[in-house]
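As written, the chain order gives the labels A, B, C, D and E, with residue 1 at the start of each chain.
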Amino acid sequence: MGEVNPDLQSRVVKFPGGGVLVAGIDEIFNWARSNSMWSLTFGLSCCAIEMMATAASHYDLDRFGILFRATPRQADVMIVAGWVSVKMAPFIRRLYDQMPDPKHVLAMGGCACAGGPYRDSETIVKGVGEIVPVDVFVYGCPPRPENLIHGLILLQERIREESILGVRKREPITVQG
Amino acid sequence: MNGDLRDLHQEILDLGTQGMVMNMGPQHPSTHGVLRLILTLDGEEVMACEPVIGYLHRGLEKMAERRPYRHFLPFTDRLDYVCSLANNLACAQAIERLAGIEVPDRAQWIRVALMELNRIASHLLFLGTFGTDLGATTMLLYAFREREEALALLEAITGARLTYNWIRVGGLPDDMPENWDKGVLAFCDLLESRVGEYDRLLTDNPIFRRRTEGVGVIPAEDAIAYGLTGPTLRASGVEYDVRRWAPYEKYAEIDFDVVVLRDGDTFARYLARRLELEQSVRILRQVFDRMPEGPIASKVGKVLKAPPGIAFSQVESPRGELSFTMVSDGSPNPQRVHIRAPSFANLTVLADLVVGNKVADVVAILGSIDIVLGEVDR
Amino acid sequence: MNPVRSLLGGLWKIFGGMGLTLRNFFRRKATIRYPYERRPVSPRYRGMFYLKWNEEKQRLNCVGCTLCAQACPTNVISMNKVGKGTTAGVDEFTMDLGRCMFCNLCVEACPFDAIYMGDQYEFAVTHKEGSVLRIADLAQGGPENYRRNLETLRRLQEEAEKSKAAGDKPTERRAAEEGA
Amino acid sequence: MAQAELKERFEGALGGLAEAVEAEGSLVRVRVALPNLRAALLALKTSPDTACDFPANLTAFDTGQEMTLLYRLASIPNRWQALVSCPLDREDPKAPSVADLWPGFNWFEREVYDMFGVAFEGHPDLRRILLPDDWEGFPFRKDYVSKPSGSPLKGPQPTDLGEQA
Amino acid sequence: MIEQALANPWIRQLANAALLLAVINLGVLVLIYMERKVAGFIQSRLGPVHVGPRGWLQSVADALKLILKEDIIPAPADRFLFVLAPFFVFVPVLAVFLVLPFNAGWVAHDFSLAALYVIAAGTVAIMGIVMAGWGTNNKYSLLGGLRSAAQLVSYEIPVVLAILAVVFYAQSMSLVDIAEAQRGFGWFIFHPPLLVAAFVYMIGQLAETNRTPFDLPEAESELVSGFHTEYSGIRFAMFFLAEFANTFFAAALAVVLFFGGWDGLPGLTGALWLVAKSYVLVFVLMWIRWTLPRVRVDQLLGFAWKVLVPIGLIVVLWAAASVVYAGGAKP
């Protein structure tokens, strides 16, 4: 995820050995980031119950260093668990905007991924991807806790491939909600 | 309710003190989903509260009108996703009553077992989240630990963990797997031993008692006028349990107590659910002794049509009376489906109940009403 | 009540709760270390959907009758039928995970014992299009059996055409009626 | 209790307010005309013969030709309930509010307003409840035409959806 | 050369401070790991296991990640207060460690009013929390900040009273002297008045370190994250570190005051004994945290004024009486 700013990239390569240095730092920071994905408690519906079950004793997300934070300011990953209604959409966007970079979104469940069984309902957004960029889709209705963990591991792998110089192009988005 | 307090607040407002408007939700750790509460605060005290709902609205009743009767059943799973089977049952019952379909005895007994097992899972979730609302995070983990066992049993029979869709019009899709009854009885024993632990951790805890006793009292008359149902109503001293009041399936033949408490406060609402766990265990123990052999589904035509008319079902879901009202015009699709969601009715009381309490009590009271936004918003 | 007694009583209750948490501290933990160990799922578990492979006939059981698609409340399934009667089969069968409710209605609707829901439940992907599964993913035994299924169907069709030429019509019609 | 007796009780309590009363099991179906609706509901609530003081349900349905309100009131100690139906004027649906009699019906009336556009006269706070405030039309009416939904976000569109969107 | 430099009192103090900072930060990382493990074990799960061997590197990963996060200052916030607040919380916590005696002679700076200094410096942190609450311009934060102010003002008194009782026994306000007075298992906890004082002190410190059942300023289920709701990245890390450093200090101070400081069985260095005893106390604090529900704000204040302060006063009188009439700890 995230496009590398070509300007910045070319500048880095010009330094002798700079590439190696950046790679080393990248490795360390990506290790840190992928192992400390604090996620925003964003339970919307059914999937939220499975998300809670994943954090509970039997599956224990804390093993991977994943904590649930209530405030978007301290979260790295937004797990959107459940269907997104038109009424809710602006709030999701705002919460996403409130999260500090680097941030990732995991859509949990068929509804968050693609509208799910409610795709022919007028009040439902056909996937949270229409509102925020999604990194990992976890299908299932609702996904088993193992499935969510699988998704989170995929996200970890994805984060490890990123570079700290990867700057996501962000433009300020005003949401009137 | 709290009329004097509201007058007092009006006086304070007239004096020129300005309340602070605080938005709780839609994304808030303890609104149990996406409920938004617009609170007007005077310091820590709530002067007014306006719940805003509809953040999960997906027009489920509208979707039902576009589908054949049977196609709507899986959608009902996602109403009250903590106790899906009760929704399945309520929907199936409404269709059965509308179309005049009988259900075989064995299916009715299995349905009772499923209901109670699911009620246990739901009440365990309540105990856990209620503990978390009051800061006792560990309760959540313990309750989920036991809930996971109940889910494993439900998974063994239905093949799903949360959204079961295991009740069909006219019966059940499949019989119990082998040794399932033994598993359930073993779980009953486990739960009974663990319930004592919950008491030690939470029910007997003096801090917990102080936080909940005498907070958010609903008198019996108010509870009736607001149309509350379920443990929320029974905690106020009204004996209304659909399982007794208008027995469905085999509940008329089962011996159990309806948990009725007098105080009507947050603690009573908690305790009602906690005590219902034991009643559910009691029911489960009776079910398997009395289950007859026989078919588990009656024959229903491929295209299900119902004669024109209005029928409604009443089911005691863990949150209260769940009722599907179905209007048929004789075509394969229902003309109108209305879902009387217990959480929706129970939530109406919140706005008046929290006035005069502290912010922390709002969380406790909301938790004790035990809502599921999926069925509030439909 | 005597305030001192109530204070001490409260403390005693608190110690009771703390005793419980300490006991749990030393109890066996409930955690399943998922990527390294798996919890067995119920044999009835409704996970990933598959088309049953019939080893004897060397084909998929599915004859493309679309009963499952009709039974689906959310239009998850679509298929392409080839041939007819005894030679009927599918050469394309897609299902959309993004809409599926895993409600089992399609499985119950199938009269040919052709579709099932298996025990696989890992559906995480990094691109949205990953939700649509084609016949090669769905066939039991994977793309290999999908290819063999096509071959069998082609062979059956050729045979049918041969026998049609020989004027053996009635059996075919009966089979077609059963199929519908 | 015998059905005939139950029917008599209800007829006695309602006087001439009801158009039809039928008993079936412990359920009494009552049909009321719109002008008598509030009086009939009040009679059901207050009359000691019926004592239906529990607001169990309120909904409406639209057949395309006719719109009907459906109240369900229960009497908890007596174990009976009444299903009151009241046809409405479909062109200009209006009904008296009973939110003052049963605060529990407050939200139910708002919901019926939200979905069918029935204006409850005397309701303290008749606004949309489930749908967004700026929604157009009343979706549960049979003549409602659904619109293709536009983008969920108002204002400037997000530009950084990358390759996923 | 190093010896020469260290002879300079300024450089010496700076070196001490730097060493302390490093030790504290390391200790805090261990503490965070411990907290998560303890929470996990109590809750019948494992806690961090996959990051590094047995999850040892979990807090390192967290810290590194927090450093890398975008630093957001919300537009409506009071920039000055918002930026300053974390320092106001973090620095006093470090400052109090200066007077903590780890072993005989192992103290960065000892002076005769150390006990008073600890109380005074600790109070500055309240300012930071109130500043964070106000400066963020967020209503949750504001409520959290106000709660914090009320809470810390109330619980400061029982803590001071408990320390006062110890001072009576030790007849000195220097923490070194207090620890010295308990040499040879003459721990103050064994004296009945000070046993009660220790109780009062621990409850008061639970409140001062904002831990459940008194974590109202950041009550997650009510105020999202309380006063640090809007803080992200490194600024949040400072609050986070300060909270744990504070917890550790509260436990270490309790050890010095009541549990004999570095006194222990011979064979191990005194400092190790002190740290070990502190960790046991920290474990108790965590154990309490993961067992009890949270109290309400009025109950919190009521408990301080109606229960803890009277008990504290009685303890002070009791301690004074036993020092004067029965000789107390000193012969």
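Just so we're on the same page, a residue touches a chain if its C-beta (ideal position, glycine included) is under 8 Å from a C-beta of that chain, and two chains touch if they have at least 3 such contacts.
Source: prediction; values computed, not measured.
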| item | value |
| --- | --- |
| Chains contacting each of chain A and chain B, listed by label | C, D, E |
| Most distant chain from chain B, judged by the mean position of its C-alpha atoms | E |
| Higher-contact pair (C-beta pairs counted), A-D versus B-C | B-C |
| Centre-most chain, if every chain is reduced to its averaged C-alpha atoms | B |
| From chain C, the most remote chain by mean C-alpha position | E |
| Chain centre separation in whole Å, for chain D relative to chain B (CA means) | 22 |
| Where chain C and chain D are represented by their mean Cα positions, the distance between them in whole Å | 42 |
| Centre distance in Å when chain A and chain C are each reduced to the mean of their C-alpha atoms | 28 |
| Gap in Å, rounded to a whole number, between the CA centres of chain E and chain D | 59 |
| Overlap residues in chain C, where contacts from two or more other chains coincide | 14, 17, 20-21, 24, 29-31, 33, 73, 101-102, 127-128 |
| Per-residue overlap in chain E, given as positions that touch at least 2 other chains | 39-40, 42-46, 49, 220, 224, 290-292 |
| Overlap residues in chain A, where contacts from two or more other chains coincide | 56-58, 60, 63, 70, 87, 117, 122-123, 129, 134-135, 141, 144 |
| Contacting residues of chain A [partner chain D, same complex] | 1, 3, 84, 86-87, 89-90, 93, 122-123, 125, 129-135, 168-171, 173-176 |
| Residue ranges of chain D touching chain A (in the complex, touch as defined) | 131-132, 139, 146-147, 149, 151-156, 158-162, 164-165 |
| Touch list for chain A against partner chain E, complex | 28-29, 31-33, 35-36, 56-58, 60, 62-65, 69-71, 73-74, 76, 98, 100-102, 164 |
| Interface residues, chain C side, partner chain A - complex | 29-35, 38-39, 47, 73-74, 96-102, 121-128, 130-131 |
| Interfacial residue positions of chain E with respect to chain B in the complex | 39, 42-45, 139-140, 143, 146-147, 212-213, 215-216, 219-224, 290-299 |
